[in-house]
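In what follows, subunit A forms one complex with subunit B and a second complex with subunit C.
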Partner chain A sequence: MANKHIIGVFDDENKLLAAIKNLKQYKANIKDVYGPTTNHDLIKALTRESLLPFLAVLVAIGTIIGAFGFLYYTSVIDYPLRYSGKPLFSFPPMVVILFLLTILVTGGVSVLAFLGRVQLFPGKQPVMIDPRASDDRFYLVMDQNFNPEEIKQWINEAGALEIVEKEIDTSTLWGF
Partner chain B sequence: MISTSIDQTLVKGHKNYGQITDELLANTEGRPPLWWLVGIALGGLMLAFGGWAMYTTVTVGLGTWGLTNSVAWGWDIVNFVWWIGIGHAGTAFTIFFLVFRQKWAGSINRSAEAMTVFAVMCAGLFPLIHMGRPWLAFFILPYPNTRLMWVNFNSPLFWDVLAISTYLIMSITLWYLGMVPDLATIRDRTKNKLRKTIYGIFSLGWDGSLYTYNRYETLLKLLGGLAAPLVISVHTIVSLNLAMSVLPGWHATILPPYFFVGAIFSGFAMVLTLMILMRKVFNISDFVTEKHFDNIAHVLKYGSLVIGLAYATELFVAWYSGVEYEIYTFFNARVTGSFSTAFWIMVVCNAIVPQVFWFKKARKSILSLFVVSVIINIGMWYERYVILISSLAEDFLPSSWTVYKPSIVDIGIYVGTFGLFTIGMLLFVRFIPVIAINEVKPLSRIGKENKKTEKHGE
Partner chain C sequence: MEHTYKPSTLIKALAGVLIVIGLIAVIYGFASDPARTWSNVLINNMYFITLAMGALLFYSLQYITDSAWSALFQRVPLALGAFLPIGAVLMLLLYFGLPDIYEWAQPGITETDKLIAHKEPFLNVPFFMIRMILYFAMWIALFVVLRKIAVKEDTAGGMDPFFKSRYYSKVFIFVSAIFFSLAAKDWIMTIDSHWYSTLFGFRSAVNSIYYAIAVIILIILYLNKLGYFPQLNTAHRNDLARYLFRFSIVFGYLWFMQFLIIWYANIPELTAYYYPRFLGEWQVLFYAEMLINFAIPFILLMSDVVGRNKIVMPTISIILIIGLWVSLFLQVMPGSTGELQFGFIETGMWLGYAGLFIFVVFTALSGLQLIPKNHPQLEESIHHHL
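Showing the complex of A and B:
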């Protein structure tokens, strides 16, 4: 679905940040920002904190329990072989394996969860507002519905280089 | 470690983002320069030598190596530990400096991580080829099998397999994810259709959305947090391979921290060597400045002190223990005996030479930085040699003492890994921006016109 959007073009994160703060003050509907880089303030101004760490903690706990079960099963139940008179079940050497497996599985699941959530995959055709979004320009994309003239004025005041109106196919974009 | 004030200039000159993109992508564009082709050819030659050596090992057997009944671990494990040690610095760079908020590392971490990936690959080759039948390497993984057996989960050798494969996977992931926005930059810039397709596939459809960036930063922090203890654990586990045996000189609790510091130390030295070379051939001197080298030199200086302390502690504990075998290994075999040359090379290269970095002049001169960084890596190789071979060649029974000499096949495999490393690094500098462009862009503003916001922003 292609919709008309107002796009403010910036070349400086601080001006962009000022624009976002301006617009938020007036409760305007900011869709997204596209740019070559980012900083903490920008992220904080527009987005909520990601829930990824919570997922990671859950996966880590699950991995520890699962790996413990696996190690106990293999070394005590399925293949109870004594090495140099040591007990079949001994926790200290397990720590190393639990630790490494937790890191491996948690890391892997986090990456997959991230790629799934932001819908990035090999071969995806990105919807670039402009090729310069990965070079030296920031694009602040606004919904047309809310008082377009005032939006343009606020963006302009914050120091935008230019303001363009463009049809964007939002069906594959998320955040919209 | 090192304090970096926030309003310090990290990138020289007043560049806008477009200029930064242009300058940092220059190495991936145009025709490959002559030195690059020569380097690839040289690397190929070394790799061919290594290939021959590995072929000989596999077809004839481990008898072609210099190993004896006593010295069952020779150059292969020495080189393995050496490469793993070098590999540590890349992740250490990214992660410890992320944790300590050392922003200056932002322009080095991409190359350091590339170094990690290739060094760990080289390292992994040695245990693999040491098995004699590398095609059966999967036997060491725990999987349900017709032999109805499980691996020995109590063995440090198994931990090592797990640690190194985890480490390799994690460092490749961190390295690759970090470069996705930069690959997207190349994709959007290039006119060549083939390049556009290939970079398009690898950039995963990155569009620079702030919502994506938000999750991306969280993910990188998360992976960094996971990998930080991993870095420490990998070399600890490598040292446990030795420390859990009963040989004098190996059976010591100091080995894990000692190996870890050694790894960071040698890895930073290798980063310094490579960055000096890269700075020489690429136009990146505004991004990798004298200040960066200065900081690394400080780290090396303190690393050298810790290493020196570890050597002294080992000697002291051997003497203080009163165990005759320990005393023999340290004071007779290592300090004064058949391994004294290697021992003193190790002490001079690692504990003494890097102390020149107390002098500002030595830290400012590129030549001295380069020479010392190479000396450190030679010294670190000798450290592993001394630890491994001296304990094996002269242990409890004098009747089984032997002289260890590497064969041409041992040397070939070592040279081959250099070829692999060289080719890997050359491919990296040709196809991937050597400096993380998306990370350096905001850093270039630090200490310039936005001084005020930076101060409050932190």
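Showing the complex of A and C:
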């Protein structure tokens, strides 16, 4: 679904940061930000807390329990083989396997979850508002459900180079 | 930024009281049980030398990795290193207690024990003392050089002290990597003279940074509470907590690595070391060591937000201060006295050493600019953010 959006073009990330802080104050709807570099302050200002760490912890706990069950099943129930005089169920040799499996599965699931969340896959065409977003310009995308004139004024006050109105497919936007 | 720290009378009084307690404990100990007291001298010497060496390792690491974030409080690890000369004197005093701690130092043991007779060319009292003197000579010389450069930086400024510090940091990393691990093997591992672990020295050297950071955190937070380091921000605390977190993993990894191989291989000489600890009367401490040094810091520090909390951070540091003691106690005591005893001698002597350590470190801190005002990375450190 294509909608009309207001796009502010910036040449300085600090100005963009100021604009975002301003707009947040007015509770305006920031849809997306494009830029050539990442900036921790920007991420903080947009206050998007990632849920990936929690997913990773959940997957890690699940893997530990699952792998422990698997190891117990193989070494005690399914194929009870006694070696070097150790008891059938002994924890020390399991630790390394649990440790490595947890890292492997958690790492893999985290990467896949991240790729799924940002809808990234091999051969994907990059969505870009303008080619210069990978060069030296920052783009701030706003939707129209506020007073458009007021939004334009706020962006302008923050020091935008220019303000453009453009039809953009909403499904490609993040929505902050 | 013209801050110099003056230790308050409270700190001096505290240190004095602790030293007096320690002296009473030492006198009481030598009167009642000399062997146990000598073992405690060794534990506490190793404890505070570990802290001093770990702090200097941390200091050098910052230089060789060009880490700017820590420039603000660089003088704190440098001050911890000031314990080395006193540690050296206390360690040399151990000469009179060698047969009480080390099996190989007992006269006539080489005739009855073939394994020790085989190790005799390396493990004999004169060579042991010579090595000890050599280690301390190198460490103290490097510490003095690093401190002199720091003083020069405060007075003269310029880039020259920075490059010199970086050069001597590289030297120090090599020297401590080789000779601190050798020293740990000499002083601690040879207590169980039949047992050996090739990992032992590396483990002691790496873990020293872990505990040193805990003490550095405590000192920084204490000074910050008094109003020093006004530029200390969340990002600094965050990075310090991360350091602890990473090293808790290193500790767990190396601890388990040493244990697993010996447990699996089942070679009698090696399992003899773990038998009393893993299955004997030391079992509780054995598990406690892992819990205190690895599990608690690992779980609590996993989240950055919890880790950099102003209450959680010092709490974990204090837990780790206990952890190092438990760790050394388990390494020394089963081999030297062989009895699980805990009482006034242990606590009193540790408190005495701690008092001495506090006195030395805070005196050393007051001798320098608390904030290295001419350090080229200071501005970057002050504006450190994540």
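One rule holds in what follows: the second predicted complex is superposed on the first by the 169 of 176 C-alpha atoms of A that agree within 3 Å, B and C clash if a C-alpha of one lies under 4 Å from a C-alpha of the other, contacts with A are read in each partner's own complex, and residues count from 1 in each chain.
Convention: a contact is a pair of C-beta atoms (placed from the backbone, for glycine too) under 8 Å apart; a residue touches a chain by one contact, two chains touch by 3 or more.
The structure presented is a predicted model; accordingly, all values stated were derived computationally and were not measured.
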{"item": "Subunit C versus subunit B on the shared subunit A, clash or fit after superposition", "value": "clash"}
{"item": "Partner chain in contact with A:Val95 - subunit B first, subunit C second, else both or neither", "value": "second"}
{"item": "First (subunit B), second (subunit C), both or neither touched by A:Gln25", "value": "neither"}
{"item": "Partner chain(s) touched by A:Gly85 [first = subunit B, second = subunit C, both, neither]", "value": "second"}
{"item": "Partner chain in contact with A:Val118 - subunit B first, subunit C second, else both or neither", "value": "first"}
{"item": "Partner chain(s) touched by A:Leu104 [first = subunit B, second = subunit C, both, neither]", "value": "first"}
{"item": "Subunit A: partner with more touched residues, subunit B or subunit C", "value": "B"}
{"item": "Touching partner for A:His40 - first (subunit B), second (subunit C), both, neither", "value": "both"}
{"item": "Clash with subunit C, by subunit B stretch, listed 56-64, 182-190 or 308-316", "value": "308-316"}
{"item": "On subunit A, the residue positions that both subunit B and subunit C contact, one per complex", "value": "40, 93, 96"}
{"item": "Contact footprint of subunit C on subunit A as seen in their complex", "value": "40, 57, 84-85, 92-93, 95-96"}
{"item": "Residues of subunit A that touch subunit B when the two form their complex", "value": "11, 13-14, 32-43, 46-50, 52-53, 56, 71, 74-75, 78-79, 83, 86, 90, 93-94, 96-97, 99-101, 103-104, 106-108, 110-111, 114-115, 117-128, 131-136, 173-175"}
{"item": "Partner subunit A, residues of subunit C touching it in the complex", "value": "256, 259-260, 263-264, 266, 302, 385-386"}
{"item": "Residue ranges of subunit B touching subunit A (in the complex, touch as defined)", "value": "16-18, 20-21, 142, 148-150, 152-154, 159, 162-163, 166, 169-170, 173, 177, 180-181, 184-185, 187-189, 200-219, 222-223, 226-227, 229-230, 233, 237, 437-439, 441-442, 445, 450, 453, 457"}
